[in-house]
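Naming follows writing order (A, B, C and D), and every chain is counted from residue 1.
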Amino acid sequence: MSTAVTKPADPSVKVIEDSTCTFCGCVCDDIDITVKDNHIIDAKRACVLGKSWFYNHHADDRPSCLIEGRPASVAEGVDRAARILTAARYPIIYGLSDTTSEAQRVAVGIGDSIAGTVDTTTSVCHGPSGMAFQGVGEVTCTLGEVANRGDLIIFWGGNPAESHPRHFTKYSLMPKGMFLPNGRKDRTAVGIDVRKTKTAKAMDLFFQIKPRSDFEALWTLRALAKGVEVDPKQVKDDTGIELARWQDLMDRMKAAKFGVILFGMGLTMTRGKHLNSEALLSLARDMNAHTRFVVKPMRGHGNVTGADNVVTWQTGYPFGVNMSRGYPRFNPGEYTTSDTLARGEADAALIIACDPMANFSQPARERLKSIPYIALDPKDTPTTRAATVVFTTATYGINVPGTVYRMDDVPIFLRPAFPSPHPSDFDVLSAIQRRVKELKQ
Amino acid sequence: MSLTLRYKANTSVPVEVEGLTPSAVRGLSVSEIERFEIFNGNRKLPLAEFFDVSGDSADGRIEFLGNLSGVHWIGAKMSEGEIHVRGDVGRHVGSEMTGGTIHVHGNASDWVGGEMHGGLIHVHGNAGHLIGSAYRGSKVGMTAGTILVDGSVGNEVGLTLRRGLVAIGGACGDFVGFNMAAGTVLVFGQCGNRPAAGMRRGTVGLFGGTPPTLLVSFRKSGVFKPLFLQLIFRQLQSLGFAVPSDCWTANYSLYSGDHVALGRGEVLIRETTAS
Amino acid sequence: MPILETFILIPGRTSKQGCGISEGKFEDGYQHEITTLQVAPQDMKRLGLVNGDRVRITTESGRQIEVAVAAAAGDELPPGLLFIAYGDLSSRLMEGDTHGSGMPTSKGFDVTLEKLS
Amino acid sequence: MSTAYFKIAGGTVYDPVHGVDGERRDIWIRDGKIVAAPSDPDVRPDRTLDAAGLVVMPGGIDMHCHIAGPKVNTARKMRPEEKRKADKVVRTSTTRSGTMGSVPSTFATGYKYAGMGYTTAFDAAIPPLAARHVHEEFEDTPCIDKGFFVLMGNNHYVMQSIHRKEPERLRSFIAWLLGAAKGYTPKLVNPGGVEVWKQLQGGNVHGLDENVAHFDVTPRQIIEQVSRAVDQLRLPHSVHIHANNLGMPGNWRTTLETMKALGDSRGHLSHIQFHSYGGGEADENTFNSKVVELAEYVDAHPNITVDVGQVLFGETTTMTADGPLGYYLSNSFGNKWFSSDTEMESGCGITPIEYKNTSLVHSLQWAIGLEWYLLAKDPWRVVMSTDHPNGGSFLAYPEIVQLLMDRTYREETLKHVHPAVLERSTLAGLTREYSLYEICIITRSGPARILGLANKGHLGPGADADITIYTPNDDKKVMFELPRVVIKSGVVIVDQGEVREPVNGKLLYVAPEWDVSIETDLAAWFEKYYSVRFRNYPIPLDYLHEPEEVACR
């Protein structure tokens, strides 16, 4: 394959073409990054989040390993980590959404060796959508299909304008596609949300529904899709929107050639959670009796989709997998990290590339603070600061090669720009796995 | 006398006693039962490390004593006999049981009678989420048996229920009877939002508190005094479940639904205006 | 006597918060973004709040945070709705219970807002 | 690997490629390969396995299954209710834990194939956009050599090249795409039909000459042109075809047309059972078997090979790149439904189903599968498969062996299926019983020859030392379920059903030449329509674990 590195005049400057930004689930693989003395001085095509991701990258000058706050060799840290994990009776491994699938595969292997529980940030992201999919299935497609065919695009309970800035231009709104030669002009864009966000302002139609009425709104649309008569007054009371407007939307949905619903955590994090998602997946399925219709959760982190895939192919279940019996068990609400921590069950933890000390409930944080745990992260976070053992690791995509999965499950290749003085998650986890096996002998 | 298991352990790590059923221990000596292997997280350990064992198992009756809120799968898959728990219990009480009786004199956690296939569970305190429900991904929930909870419960009671009776004395959370295929769920206290959503067949009774608004996909088809309710109430009373007096005489509005699904289900809401 | 009003609070992602993660979670930019509560201009006016005023937010179960307020841009927020960038503070309002889903309810909290003088 | 000799002594050897039919032989192994016995009589093997009284065959080869990639992994995610109740795969000191059900986790898949004496398997339907995913899963699927077929029957560039009448461009694109994905051969799934499904509600094609809108090509043209290109590229295997109208009453005519459309080109028709139905469109009362007619045509046309796609009774998960089929099945079974369209390339449908022996249709499907084994005259061109997991799990192969080798068992089973099978198929009248020699052909030597794997399916010098040793048993199911020893590349990986040493297994791929001048146009087209960059699409060789190029013919 063609080399992606072009050498400009200045020999100290290196340009890597079609490099991949792993900050969000869009996983844009068309970024040309310019590197001078191990600093990224340009990231062509990157969005505001991507530019911040690339420009702020600097090898953290912390030591590669800290044990109880004191600098230590990576080998010492690995030994301590392995001892913590093998001594535990209910150890958990959590995070994994911001690292390569190669590292994720090793992490699940550690979970198997220590008879622990493996969970990813999916459980507090679109885990509920995953549960909904297990209930009713999902009609979906890759993002290129949205770009080439999607003539009615509905954004529900999400704000990609701020969370996935290039989604509009690359995939869902602007691109001229095979069946949409005029791009944006050939598309109708609909926003459904409780806030009039930046996304809402880019829409042709916007439905500002009552807070926490997503399920009622979806049920109204399902009823209209099936031709079930509904009471206009109740629809208005329930959703804050006139029935006539919902009927108009349904007419447009049925008239569309290829309808697309892209949804965010406004559904999964709000009262109803997985059943909000199930209502939406059901609506998209129902619509296929009338036309082609697909639905897609807007995944957040760079490789959270890879985490779902890796945990699934190795264990059979997508997240919250408990292996304490020597074989995988799955039960969201029981083996998921928010629960095992908040209930005070977990007695040790291996936290990879995420920040539960900032993003979890108080009871969960208090438990994590009270047990020995290991944290891997390129950056300094509340979680690394409270950890027993910390590894400062190299950044995937920028320093580390490998594979990540875009929000639509498409695997994408990484083209690192320059090496890091710190080891990769893969290196550290592989060393921990080897040490765990030695201790188990 | 029956077999008595007094919980003495003090561990935050889940204790799982799957398989410790009356039929499994019947005829075993105390010392054999003390060697019965259970799980504490990822460690397989003898029962005696967690329980004081006394009495004998001949009569197929097990008494659990103490705070067992960290002990899970009590009575899971049991097919006969009796289990009495004096104290709180953890998750999956009577999960997939096919027969026998479980009484919890205390509170129970989530998944009481998960995918139950027969028998009776009576929780005399409160219980958690997903009572008498299917486990994730399954379109077949509880297929037979009776679950009674005197107190209040959480969300998704009777998720995809296929057959059987679930009665809640107190309040219930959201999505009671979600995607129900048949069977009966009765709630005598306040119920949370979106009751009976997606129900295909079966009966959901909402008898307490302020009557909830059903989803737009339900249709009112009248007000009456259904005879079969009287029969169920009598059955409940005979099982020692308290039925509020006004329920016997009240009028009930009948709603059909969920018309987004098959629409052959019925929701009965007690009219607050007494007849 | 303190203003005490009920609102619905929605934490969510913002591009500033997203950039802040890369800049560093202990940097001022990120900290400022996740500790600022956005209030609908009409509500600001009605409650006599000005940008920078400190308020205490309390959930039904009594979980509390104290934050500075800022008027939401244009008509982004309808009256009665509050917004805060997803982060440490917003997460402090979550309960441990996930309702058998693994996901704590993290958006749409019923809260009371109390002006701190 | 060491250069030490490993000798399997005195086993009853079945090696159809060399006409060896149950003769007592020694087999010498060195460097993971089978070698000639050393000429020097003083040379002693470093290890000897006494196989006296045991049956020795090459390792089994599954040439059509679904074991890796986005479709399979989604099916795993989708079925927690099935996995929760399935047999447990418990971690040991040498093996990983996993889950079973109709779609086992990766490690479990490798262990179970090996435990059954199979050492090679090909995934039959991979969208090249997801090839990287497949290679990752394959690396976590131990004990077996692996490869996959690349979906091209609805590929936009394929259809465009055919429409423009540019056979050279088509040939070069096929070679380029196989090289980019590191795949094995082109796969046609419902050629043209999936693209129509993407364009229209319930869309599909129903015959070989229906036009595919926007691309203005027909299924017939796709079959003719791609099969021709594959032969011109001299690929080891032929084009691999999942014909149009799968599962539909009366579809045997479409199947016959598909065979005829191949002309003189080689073609493999997969899961032929699902394509051998008589009767009227959606009319169950006329649903019947057309194996006699189709088998006759296959017998007379040596360019055509088939695998059966046997149906077994019980629950399973259907998964297919045939999007409209997935929609049809989910509606008829009323179960949860997954569908995913892959840009420019393919579709995907997944839904759980149950085959019931009380159902006329399911019973006939079961019978039609068996008819294929028993009616087709040349076992070298009929391969055992269940289209795992679509007809049933690969773990049902021992059951199928018994149905073929043991007529009384077959007749006993026939008593418990829907009675109409007796009139609507010829099964009841078929007395043929397979020999071990023939079983060895349809599970090893045949698929190896059809796939063009010169080093597999036989026990002569030069062959990979992939060997299965069975304890003879009148109950053939028991015999084939539990091999005594399984050897992979000269290493004993399974002993008495226990996985001892889970070696990794190789990735088998082809590397045909293409005219690089197409890459300019290809890149431009690619950047216009794909959501990933052209440069990031091809998979470099160093990404693969233990790759082995299989030479073109």
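By our rule, a residue touches a chain if its C-beta (ideal position, glycine included) is under 8 Å from a C-beta of that chain, and two chains touch if they have at least 3 such contacts.
Everything numeric here is computed off the predicted structure, so don't read it as measured data.
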| item | value |
| --- | --- |
| Any chain in contact with subunit A as well as subunit C | B |
| Steps in the shortest chain-to-chain touch route ending at subunit B and beginning at subunit A | 1 |
| Centre-most chain, if every chain is reduced to its averaged C-alpha atoms | A |
| Centroid spacing, where centroids are CA-atom means, of subunit B and subunit D in whole angstrom | 47 |
| Chain centre separation (subunit C, subunit D; CA means) in Å | 56 |
| For subunit B paired with subunit C, centre-to-centre distance based on mean C-alpha positions, whole Å | 38 |
| Mean-CA-position distance for subunit D and subunit A (Å) | 34 |
| For subunit C, residues contacting two or more additional chains | 99-100 |
| Interface hub residues of subunit B, defined as touching at least two other chains | 110-111, 129-130, 135-137, 139, 174 |
| Sequence positions of subunit A contacting 2 or more other chains | 115, 131, 134-135, 271, 323, 325, 330, 332-334 |
| Pairs of chains, among all present, that meet the touch criterion | A-B, A-C, A-D, B-C, B-D |
| Subunit B partner contacts - residues on subunit C that touch it in the complex | 99-100 |
| Residue ranges of subunit B touching subunit C (in the complex, touch as defined) | 110-111, 128-130, 154-156, 173-174 |
| For the subunit B and subunit A complex, residues of the former touching the latter | 11-14, 39-43, 70, 91, 110-111, 129-130, 135-137, 139, 174-175, 178-179, 193-194, 197, 213, 215-217, 259-260 |
| Of all residues in subunit A, those that touch subunit D in their complex | 1-2, 4, 17-18, 20, 29-30, 101, 105, 109, 112-113, 115, 130, 133-145, 147-149, 170-171, 177-179, 257-258, 285, 288-292, 294, 308-310, 312-318, 323, 325-330, 403, 405, 409-413, 415 |
| Contact set on subunit C toward subunit A in their complex | 8, 10, 12-15, 18-19, 22-26, 63, 74-78, 81, 83, 86-88, 91-92, 94-108 |
